[in-house]
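Report on one structure; see the data block that follows.
Lettered A, B, C, D, E and F in written order, each chain numbered from 1.
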Amino acid sequence: MTTKASERVAYHNGRIVPEREVRVPFRDRGFKYGDAVFDTTRTFGHRIFKLEAHLDRLFRSLRYLRIDPGLSAAELRRITEEVVARNLPLLEPDEDYWVTQRVSRGLDPSDRDVFDQDGPTVIVECLPLPLRERASLYRDGLRVVVPSVRRAAPDVLSPRAKTNNYLNVIAGDLEVKALDPGAWAILLDARGNLAEGIGSNIFVVRDGRVATPREQLVLPGISRETVIELARETGIPAEERDLDLFDAYNADEAFLTSTSLCICPVRSINGVEVGGGRVPGPVTRRLTEAYCRLVDYDFVAQYLKRLPA
Amino acid sequence: MTTKASERVAYHNGRIVPEREVRVPFRDRGFKYGDAVFDTTRTFGHRIFKLEAHLDRLFRSLRYLRIDPGLSAAELRRITEEVVARNLPLLEPDEDYWVTQRVSRGLDPSDRDVFDQDGPTVIVECLPLPLRERASLYRDGLRVVVPSVRRAAPDVLSPRAKTNNYLNVIAGDLEVKALDPGAWAILLDARGNLAEGIGSNIFVVRDGRVATPREQLVLPGISRETVIELARETGIPAEERDLDLFDAYNADEAFLTSTSLCICPVRSINGVEVGGGRVPGPVTRRLTEAYCRLVDYDFVAQYLKRLPA
Amino acid sequence: MTTKASERVAYHNGRIVPEREVRVPFRDRGFKYGDAVFDTTRTFGHRIFKLEAHLDRLFRSLRYLRIDPGLSAAELRRITEEVVARNLPLLEPDEDYWVTQRVSRGLDPSDRDVFDQDGPTVIVECLPLPLRERASLYRDGLRVVVPSVRRAAPDVLSPRAKTNNYLNVIAGDLEVKALDPGAWAILLDARGNLAEGIGSNIFVVRDGRVATPREQLVLPGISRETVIELARETGIPAEERDLDLFDAYNADEAFLTSTSLCICPVRSINGVEVGGGRVPGPVTRRLTEAYCRLVDYDFVAQYLKRLPA
Amino acid sequence: MTTKASERVAYHNGRIVPEREVRVPFRDRGFKYGDAVFDTTRTFGHRIFKLEAHLDRLFRSLRYLRIDPGLSAAELRRITEEVVARNLPLLEPDEDYWVTQRVSRGLDPSDRDVFDQDGPTVIVECLPLPLRERASLYRDGLRVVVPSVRRAAPDVLSPRAKTNNYLNVIAGDLEVKALDPGAWAILLDARGNLAEGIGSNIFVVRDGRVATPREQLVLPGISRETVIELARETGIPAEERDLDLFDAYNADEAFLTSTSLCICPVRSINGVEVGGGRVPGPVTRRLTEAYCRLVDYDFVAQYLKRLPA
Amino acid sequence: MTTKASERVAYHNGRIVPEREVRVPFRDRGFKYGDAVFDTTRTFGHRIFKLEAHLDRLFRSLRYLRIDPGLSAAELRRITEEVVARNLPLLEPDEDYWVTQRVSRGLDPSDRDVFDQDGPTVIVECLPLPLRERASLYRDGLRVVVPSVRRAAPDVLSPRAKTNNYLNVIAGDLEVKALDPGAWAILLDARGNLAEGIGSNIFVVRDGRVATPREQLVLPGISRETVIELARETGIPAEERDLDLFDAYNADEAFLTSTSLCICPVRSINGVEVGGGRVPGPVTRRLTEAYCRLVDYDFVAQYLKRLPA
Amino acid sequence: MTTKASERVAYHNGRIVPEREVRVPFRDRGFKYGDAVFDTTRTFGHRIFKLEAHLDRLFRSLRYLRIDPGLSAAELRRITEEVVARNLPLLEPDEDYWVTQRVSRGLDPSDRDVFDQDGPTVIVECLPLPLRERASLYRDGLRVVVPSVRRAAPDVLSPRAKTNNYLNVIAGDLEVKALDPGAWAILLDARGNLAEGIGSNIFVVRDGRVATPREQLVLPGISRETVIELARETGIPAEERDLDLFDAYNADEAFLTSTSLCICPVRSINGVEVGGGRVPGPVTRRLTEAYCRLVDYDFVAQYLKRLPA
């Protein structure tokens, strides 16, 4: 552990403590059942991105699962800001954080005495972005592979809730990584349309238009929403619609969005090179530039500067 | 916390420690994603029930999710037996334990230094059965209600793996408990057949035959399997097949099986009284008696003696 | 039977007769098979509402099932107006009628002689609205519960045809009423999206926008259509789209529409209070007011005045 | 109306009356919603066939829909026998009856006063079999056509309940009869397997084995069950399993079963001649003979003697 | 063979040869597996229609199946123009051609030596339109029938790729033609919505609006696209959306589009006369006229002049 | 081309000719639409294996698609035997042939003159087995990978018919081979169960029992059927049932069957080593030995002797 990592702090049920001390009872329903939700934004140049929108989404996830966090959105906002502020001095100027709120339903009544905890488990924490590990993706583009596992449908568990139940997408990811450890999985939904991966949304570009799967069937990523807005502001038609492998293989360009990646170009889907394999394509590039302007930070340079010489 | 509870011990990554000290890093994938599996048996008169079968199932769950527990089944068996042995003195003679092994994939590589843990998280633990809370179920029968949420299909996440991703069944349970806090949820599968509840399997009896949903679409409960075997030994035809609400409403009897309940009669399904509402019915009674003989323990009496006078 | 009820008249195959004498042969296909369609509007202050639109829909239902009513829409309109006119004197000034046309395919050829009837069975009738029974819904809001039964898909039987085959929605309603006799059932469709209840459509409001399930998968209620038009006229964005329980639980407001209810606020869905449980919400209130203006009648007051003191 | 038909009697809510007087209030839920069930057996040489099995099935349908008939099975049996006995003298010696019990949920509470009826509507009635109309089917075989409409799945409405909601199968029948008025529709189920037609079950024969769709997805016809039993007694392997058009087109023989038809050979399915188009095939013939022996009546001769010279 | 047919030429793997000599090795994957794609346009007054758009679609089909044609779109365009030019003298002035490019993946490596062919099989060819055979369709309208077979979903094989795998639609067509040899099959998709037939798209008109199934689930016909554009230019609202039999039976008008038919009115769907059975309806007529203007050719007259006197 | 290959002959529409001269008109429906069927057996030590069973299956495929081959099974048998006899001298003693019958629907009526062919296209042909290319599979085991593409359901196109429409499985194979060129694709069916690959069936072994997907959803391979029979004769329980990835990952052994492979062990499925990765497992070995005994030929040795030194 670097000294810096050892100094990181996190909020845990009312107190800000060293992150390494934040441990949850093994009988916490978040551990036993994944009965918990979370949300994650990032900083750009040490400024938190769209915290309000992320907290809104967190509260929608909570409401879907009928979990009472015991805190208002305003309180969670204040806590988040404080945790970030206390951890920022540990970063280099060109590093940034993932910033995450986690809320589990806590302990079952019969377990509360043993672990001396009542109510939900609330954690707010920071983690440095894996800039070095992902730097090459911006140079080479992502290899996307579609596994056989299908994304859960809304009447099983709504993909719109960002919960601690990730095994559906993890199972897809394990399939893909067993064949190509560097590839990223994007699952199809129950009707065979492109859905999403672990924390990432997919966009395809065709004839100058961008399209992404419908919100109901995937997590409505804040980066995804940001890109849709930027596209519209930039005069690029953007729509949510059913997309399948025919669209993927015939795309001029494709890219994933996620909190950490923002926008990252896709080089190939199931081995089919997208748009001739040159990344990023012109629309992706324009949206990336617009994204950088919006956040007033060149996140691509932030990644690329970490490429091995 | 009772003194006794404070004295319980559990196995945690190589050591047996007081249970109340067993806490997992909040970045454990078991907490962040429910990326973990578990299995639970119980004791009857302080003797562990079918530990081998439970460990077999645990290892099938592990294999499905490609988690390496770092321990053999034999080692886990030995550990389990030791944990139980050390905790048994805390029980009254007529109490019994749930006995659980839990294995998460552990920490992501980048988190290992901070929390000073490598490899999977392995926990083995005991918890007294909620005998008093459930005593009335054996007198009155269970009220089963079918929610609108559907059980995940095998190409989303196999119900046969006992994982820490319980939100699908929890979502169904929340629907049901909001209307009738004492009811038990049994979900339908993707094709509208009866599937299962939180840790419980359903059986219906008609014309002297017992039937239960097919194994592929539900957790293959050890109690469920035990009942099927007991039925066959007792000369009661037993089969796995697709069952739906028509079967439920026209059943002569119905019962749930689970580790703690073993067999517990169902009084009503969606408010329709099963077999006139007398519980238990004759087949349920015979199977219950056979179960008691098999485990050499009268678990029904164990529950019923705790009924309030 | 009140004297008034005993005086009500109805149209039956060419004649206007006392309603209590309108009986159909038990071999009428409408009775044997539900092989019939109907449509229902209401009066507001004794004026029939959108009779034309209801007759259009009736004829679409007839055409879907290839039933020839033997009467033109104009003829049915005239008959309806006459039946209403003859029954209106039986109402108090602040009462109103449901007004219904019913057309069954009639008798199978082999049964026609016995019952001395050829051709379809056509009935036009009035029934006083259950104002007293439903008055509290406008004060307290509806409790909506989603049963496990799924609404039939269009390739089974189009939900757009208002037919005499109601068992699919009745089965859902029985599930719900067994748990909460005062609750209203709203079924999901085959893909897990919110569909409809017995004669009622659902709307959710979020961020000032109203949304309701797509027409293809539900009965296109005239009240539903009226609300969509009123919303657009009032500057409230309104759309038809797939909605699921995530939308329901995260709605700011929700309401049902139906011929008798017009617009009635929803207090809770599966026990989750909508928008904090205050009814009606501001958008619902605006639409209700617009509805009252459109029909030039305060139907909410009509209900509420019947609340027990 | 023939004099004889005018003399038929039926049971209606407690009284045996001339059939032509049995009419139900148009507000009976059986008429408004098809909210009713029925069951039909036939006589063979004036003897009622398997009345007990039919009443059992009727009571399962009732229970599925939570309708209380207000009569025991024994009472309905006695009533049925009396109605048949009173009507038999109206038949020629070589004619036979359909014998039907019908139970609707009756009137909604608000309608009971007007029509002076409380409780369910119960009717028991006889109708001469259409021997002449169907005679040629035994000589020529049935032309079966599969429409595009799919049979409702159990989570929409169980096909096992014999209800008054027939529009799903009627819609399929209308498709087929529009192209070939003499053809019989057999619908596929939601997964594309052969299901059933209006009151008829389908069997295919291949390599000396008979197979029919699984009971859960179709009405468990008493004739169907009788044929399965006869097959087994005759040494012909019989099974319930998923069957599709590949099975249909490659069948050596096929036949339908229904109350009136008992067993009737199929000449073609979607225009593909079954087994070269010779009807009946040898297995169908053996089962037909066994059926005649069981009922001690040659129903094939009964039909064929009515063929036009 | 007419002299003229014997003189037709076609392009085959680099050479233009007499059409009758164009034969492919029986081990060509196009023959063994249908592992090939094609695209077809037509001439109007001897001018090729929208060749560019057809080649675009051909290349999308190729890309979907990862077949490299070994030729650029520009080269295929030049070849197509030459083949047409060389064949046009064989036509009467009022005749026209279908113009087709075909590309198969060619031979498996082990078969290349035997047949002395490497790389894909590329064929470009012309065929006179069946004007006489289809002339009556413009006078009488098409009879459309919906078979039981369902159109393949995108996760089975994208209907958007125009491949040599036609058995799914052929199976539907065989069902329909067995009942009515002159009828045209339109299949439903996996969710029960209207999809497409063999090379034809369907449109329905209601209240002056035209609608056609969504592109993702059917071949995006160039004629279909042309009609949508013409409708919009003509001020007729046009949309892609889910359509089912309820829409079909309640349409004011309906028509099919295809390369050869352009627009051809539908008289009936499953025997239900569309819009009273008068063809063409006014919207169809306007679109037909607009189509003729666009292609500067009266294709309806071209068909109708061939009606038998 | 080797001299030997140049000497191979094949049957083509009535004549036996050099194989290299067997070419089909590009307008043959087998080429344009894959409107054709085929069947393939192999020789063992120059003896044809189960030709009768293969011809039976061919005729079932023909019947499903309503193609009349114009030849009886007996005639095709005689032709096949002659073609094989004439080609056998071209083989080394330890080589063997694939033996294939192909029947397309032939030319559309309008194309018959040009190509001077009427009726179906019938081809019977031999091809040496790729013994060298596949030798290592018996030493190393197959790597099976499950693509995202789903196998067509019976109501789209029955997998039981062996048709020339292979794009569904080819699309799956392309996905898999793009990631691992040496891997074999096994597709899931529409409900997420293991189905089949290109001409291969899958078996899993668990606790000494073998299981394979149900016949209705896959091609009923003759090798598959042979293995089921051999298993039963050898005392190994064998069953057809729904199998999914949970079964695959927890199998003790797995193997594929196909005409050329007979039985070939699977080393891994989606990268998960089966049974610890040792191939073949004991049950596979026993079945392989039984297979060799049945065909009186050591096909494993035949493959393995071609391994590079």
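What we mean here is this: a contact is a pair of C-beta atoms (placed from the backbone, for glycine too) under 8 Å apart; a residue touches a chain by one contact, two chains touch by 3 or more.
What you are looking at is a predicted structure, and each value in this text was computed from that prediction instead of being measured.
Looking at chain C and chain E, the chains that touch each of them are A, D.
Remark: among chain pairs A-B and B-F, A-B carries the greater number of C-beta contacts.
Centre-to-centre separation of chain A and chain C, using mean CA positions: 44 Å. Chain F has its Cα centroid 58 Å from the Cα centroid of chain C. Rounded to a whole number, the gap between the C-alpha centres of chain C and chain D is 33 angstrom.
Shown for chain B are the residues in touch with two or more other chains, namely 66, 148-150, 153, 155-156, 174, 178, 188, 191-192, 245, 272. Taken pair by pair, the chains that touch are A-B, A-C, A-E, A-F, B-C, B-D, B-F, C-D, C-E, D-E, D-F, E-F. Contacts from chain C toward chain A in the complex involve residues 188, 191-193, 242, 244-246, 249-250, 272. Against chain E, in their complex, chain F makes its touches with residues 1-2, 5-6, 8, 10, 12, 19-20, 22-28, 30-36, 38, 65-66, 102, 104, 110-111, 113-116, 123, 125, 127, 130, 148-153, 155-157, 163-168, 170-171, 174, 178, 190.
Chain B makes touch with chain F in their complex at residues 60, 63-64, 66, 153-156, 158, 160-161, 191, 214, 216. Considering their complex, residues 145-150, 174-175, 178-180, 183, 188, 192, 245, 270-272 of chain C touch chain B.
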